[in-house]
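Here subunit A shows up in two complexes: once beside subunit B, once beside subunit C.
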Partner chain A sequence: MSSPFAPVLPGSAIAGGAAPATPRDVPERGGPANPSAAAIAATFPASFIRSEVVWGDTTVYLRGDNLIGVVRWLHDDPSQRYDYLSDVTAVEYRDPEQELEVVWHLRSLPYRRFLRLKVPLAKGAPLVVDSVWPVYKGADWLERECYDMFGITFRGHPDLRRILMWESFREGFPLRKDFPLRGRFSRAEQLRQALSITTEGRYSMEELSVAQAFEDLPEDMRRRLSGGERTGE
Partner chain B sequence: MGLSQVAPASTTFAPATQESWIATRLDFLVNLSRSKSLWPMPFGTACCAIEFMATAATRFDLARFGMERMSFSPRQADVLICAGRVPFKLAPVLRRIWQQMPQPKWCISMGACASSGGMFDNYAVVQGIDTIIPVDVYVPGCPPRPEGLLYGIMMLQEKVMREKMSDSAIRNEMEPDPASGLYIPASKIDELSEPFGNSVQQTRSGL
Partner chain C sequence: MATKTRTVEVALGSAGVDASGRAVRTPMTVTENGAVSTLEPPAMAAAPELQGEHMLINIGPQHPATHGVLRLVLELDGETVVRCIPHIGYLHCGFEKIGEYRQYNQIIPWTDREDYLNSIGNNVAFSIGAERLFGVEVPPRCTVLRVIAMELSRIISHLVWLGTTCIDLGAFTPFLWSFQERENVYNLLESWVGARLTTTATRVGGMAADIPDGWVEQLRGFIRTFPKTVDECDRMLTKNGIWVGRTVGLGVMSSDEAINHGLSGPMLRASGVAYDVRKDFPYLDYETYDFEVPVGSNGDVYDRYLVRVEELRQSTRILAQAVDRLPDGPVNSSDHRVILPAKNRAMSDMESMIHHFKQVMEGPRPPVGEVYVPVESPKGEKGYYFVSDGTAKPVRWRIRPPSYVNLSAIPKMVEGHLLSDVIAINASIDIVMGEIDR
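The block that comes next holds the complex of A and B.
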């Protein structure tokens, strides 16, 4: 935060400096791989499982135990410089035996590279994986969404709670394959639970501006608020 | 009826200084002023809100119906127009907005999603806002064309014109809240009503 703002010029780290061109005739499988995949295999042989190129995009499969080390290296190393996290999501396949995959989409603006990382998580064990929030602060809400929809716990996330569904949602994780489309509860029960939400209650006291200004409020209003009265009525 | 019945000038009990006067029912006058100055509270959550904006804009011009002023505060609104799907997370918000509106108030459910959940027969979407708040007019369509919404508004105006001040029951707020004493068990609702919506499993009780 103390360092001055430095603009990132796309393609500035490429030696030739040629203008980018849309790739033509990209094969479904194979083709030129992202050089970062080979670099990961050489630097982190214990984490590397395999890599593949699909439609021109390189996917690297990793073991989850040192994920934060790999991502930090990809972000910090001058030969990689993946400075932008596009997305964090997960995939569950219809085959119940197949592992669930957590997916990270990384982009390197200086090298004009795109890299997809995948960590397979076995279904029998608790679904836990490292949070990349210490490296990319933008992963905060992306990982919350992934937790909300798939129930994957991100180790080291500062505030892992639901983001799309409401806090009191008790039916499970909607994008899992074992989740019924209409939910687990009856419509009447869903409606009853939804209507019992206190709309202010989803926010922590720190998030409410009235809580921040609590000390500055008039005495009578403070007394009423501390007695449990809600504002905005 | 009403304003067209102008009394003849020769009526003896009119004061001489008064040039003309009318006699009408108070219901008619009150309902006329109410129905021709409905201030809408737009509750737009999806694509229906785009059609609602088109209805409010120059070509279709809601101002012709006395709805020129969009009331973005429920406290000055007369008619809640729910345009779009309402997820369960928004259900208490919609309920709160409806409760904040002062009587007299009406509600238009615009589009398939607001009326029945539409194609979103899933875990996250309310299957019709009439399970949360009372609805006066349902406008079908996905989304309805502005003409459709205008027709619904005119239907609502007709409904307002037929209200009677002597009927106190029309202002009673009955909430379909399972915790309230007005709750009807789901089996009774299903016995009285038939399956509706786009799904064979969808019943009025929601069970």
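The block that comes next holds the complex of A and C.
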């Protein structure tokens, strides 16, 4: 085992490859595909739906049931080594029939590769998908934001709470297409809710129990917090 | 408790200088929880089994040392942080939602306002992404001007970081020096695009304006004088005993942890990972510029400082090369799908006038598709992800905010450190709440 601070050089696994260059004349469809797409199709035929190359980036569409298995393999397999999670997000299309998609942007520093994974989720069913937090610790806040904005539940996430909106936000999930740009509640209702908020409510149950301030709270608030009252559910 | 010893050359005022005026090398002892002492470590007495009450302390959201409206709830055992629970979202304004209701060129002013220390860099990043989505190439002069814009904004951002971090840790002078230089860069930007902070300097397919006459000479003047300021700050801080004592050994992230937590930018490079988007996934022909990627060796606050100061020098190098190679020619693409017809033609020719009207009222339409384009912002890997369904407004416009992901590692970094060190660690992340909350 090398020192924890031994320099890590991206591209170290590429043998004698050319230095990376700014992409030019990228075709809209097609072009060289990331070899990992074919490798996923061969290794996980049950999960693989299809892959495509759009504007030079390879996208792999997967079924959600074994997502964590695929991602763990991409992270650990010596021929893949996707060690860096750039982003977790979701896309909802304007067509209400079209499935919602959860998107992962993975990067392999040793191979200098970039891969986009997508899991389509049908609108009718509960929006649930595996969390990749056990593999990438950086997924923590990215998945919380995705839950906060789209209402997608990440199975296995240690602390799936709202992050950008406040805990008592009851209007739904802001980035869904059925959420109006100006918000669901009237300005009067938003103001009423803002004024009726209690300052202690800004602390979570977990935090208050640490402070031993819990005992000093009024009875109704203690009851509310002990009930594990949560938002948006 | 295990200790590791690391020798840093420190000038401790008169006591740290020997008879010939050279700095004395003082052995620094860094314990595992990051405490630094310039003395020999005392023999460790058995820690008494004290069971005190844990205390909850709230920092922010209105606190000058949280660099914006960040709120940290800290659980303390004595003065040591046991647990840190960050709360964000006080500045959330739904940029991504608003973007779904705007044409591509109309989104560019919003990019000014997310990471507002890097506004012109965000404009450029947005335009690179949108141009990939439209399949538009920009002329060489535009590419070089964009490199100049990105490096100037990197300098602004790092200078603000340097100045405010010095203030946090009790040094006032470097703040004045760095903000003076920042003012010079803002003057350059003002004479270029007319605005200082909210630049909106780019369009899809080009720039809002070419540089004015004499601008290159002003920039050359800045390139000549700026390294002196960096050297002054370097001399003031790098071997300063107080600065070293308050930064060495704090918030350590090993290279594996840093990669796994998705850190990027100077945070990642301070941990020894030489990942820089400009080198590894180049854009704007960065592969043709001669510059180096500074890498730290200990992953602590001090190394993040060293990396950022070196990046200031490297950015100046890139600026000098870009100025030398700046070609003549148009700054806008000639692709009529995204570029407006010339004003005189729009006023005299019916077809051009219709084209102008439709471009402005309906907006250019990209083909169906999606792109994710990362750039190296001063905070790290910033990515814009566009999904288009063929209409003039994106279905999804996603910002990958580097300081959001970097901040998510703060509970891990501050655990076991003292309360006063939380300020230094938080400052070292270089957060901009406008970008985190969006």
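Everything that follows uses one rule, which is that the second predicted complex is superposed on the first by the 186 of 233 C-alpha atoms of A that agree within 3 Å, B and C clash if a C-alpha of one lies under 4 Å from a C-alpha of the other, contacts with A are read in each partner's own complex, and residues count from 1 in each chain.
The definition used in the following text is that a contact is a pair of C-beta atoms (placed from the backbone, for glycine too) under 8 Å apart; a residue touches a chain by one contact, two chains touch by 3 or more.
As the structure is a computational prediction, the values presented were derived from the model and not from experiment.
When the two complexes are superposed, the chain touching more residues of subunit A, out of subunit B and subunit C, is C. Contacts of A:W166 after superposition on the shared chain: both subunit B and subunit C are touched. In the superposed model, A:L181 makes contact with both subunit B and subunit C.
Look at A:L191: by the touch rule set out above, it reaches subunit B but stays clear of subunit C.
In the superposition on chain A, A:T89 contacts subunit C only, with no contact to subunit B. When the two structures are aligned on the shared chain, A:Y61 is found in touch with neither subunit B nor subunit C. Overlaid on A, the two complexes show subunit B and subunit C touching the same residues of subunit A, namely 164-166, 174, 179, 181. Those residues of subunit C that touch subunit A in the shared complex are 53-56, 73, 75, 83, 85, 87-89, 92, 94, 96-98, 101, 132-133, 135, 137, 254-257, 259-263, 271-275, 279-287, 295-299, 367, 369-372, 374, 381, 383, 385, 387, 389, 391, 395-396, 398, 400, 404-405, 407-409, 437-438. Listing the residues of subunit B that touch subunit A in their complex gives 88-89, 91-93, 95-96, 100, 121-124, 126-127, 131-132, 177-178, 186, 201, 205-207. Considering their complex, residues 164-166, 171, 174, 179-183, 186-188, 190-199, 233 of subunit A touch subunit B.
Within the complex formed with subunit C, the residues of subunit A that make contact are 4-11, 19-22, 24-26, 28-29, 54-57, 59, 83-87, 89, 91-95, 103, 105, 109, 112, 114, 116, 136-142, 145, 149, 162-166, 174-175, 179, 181, 202-204, 206-208, 210-213.
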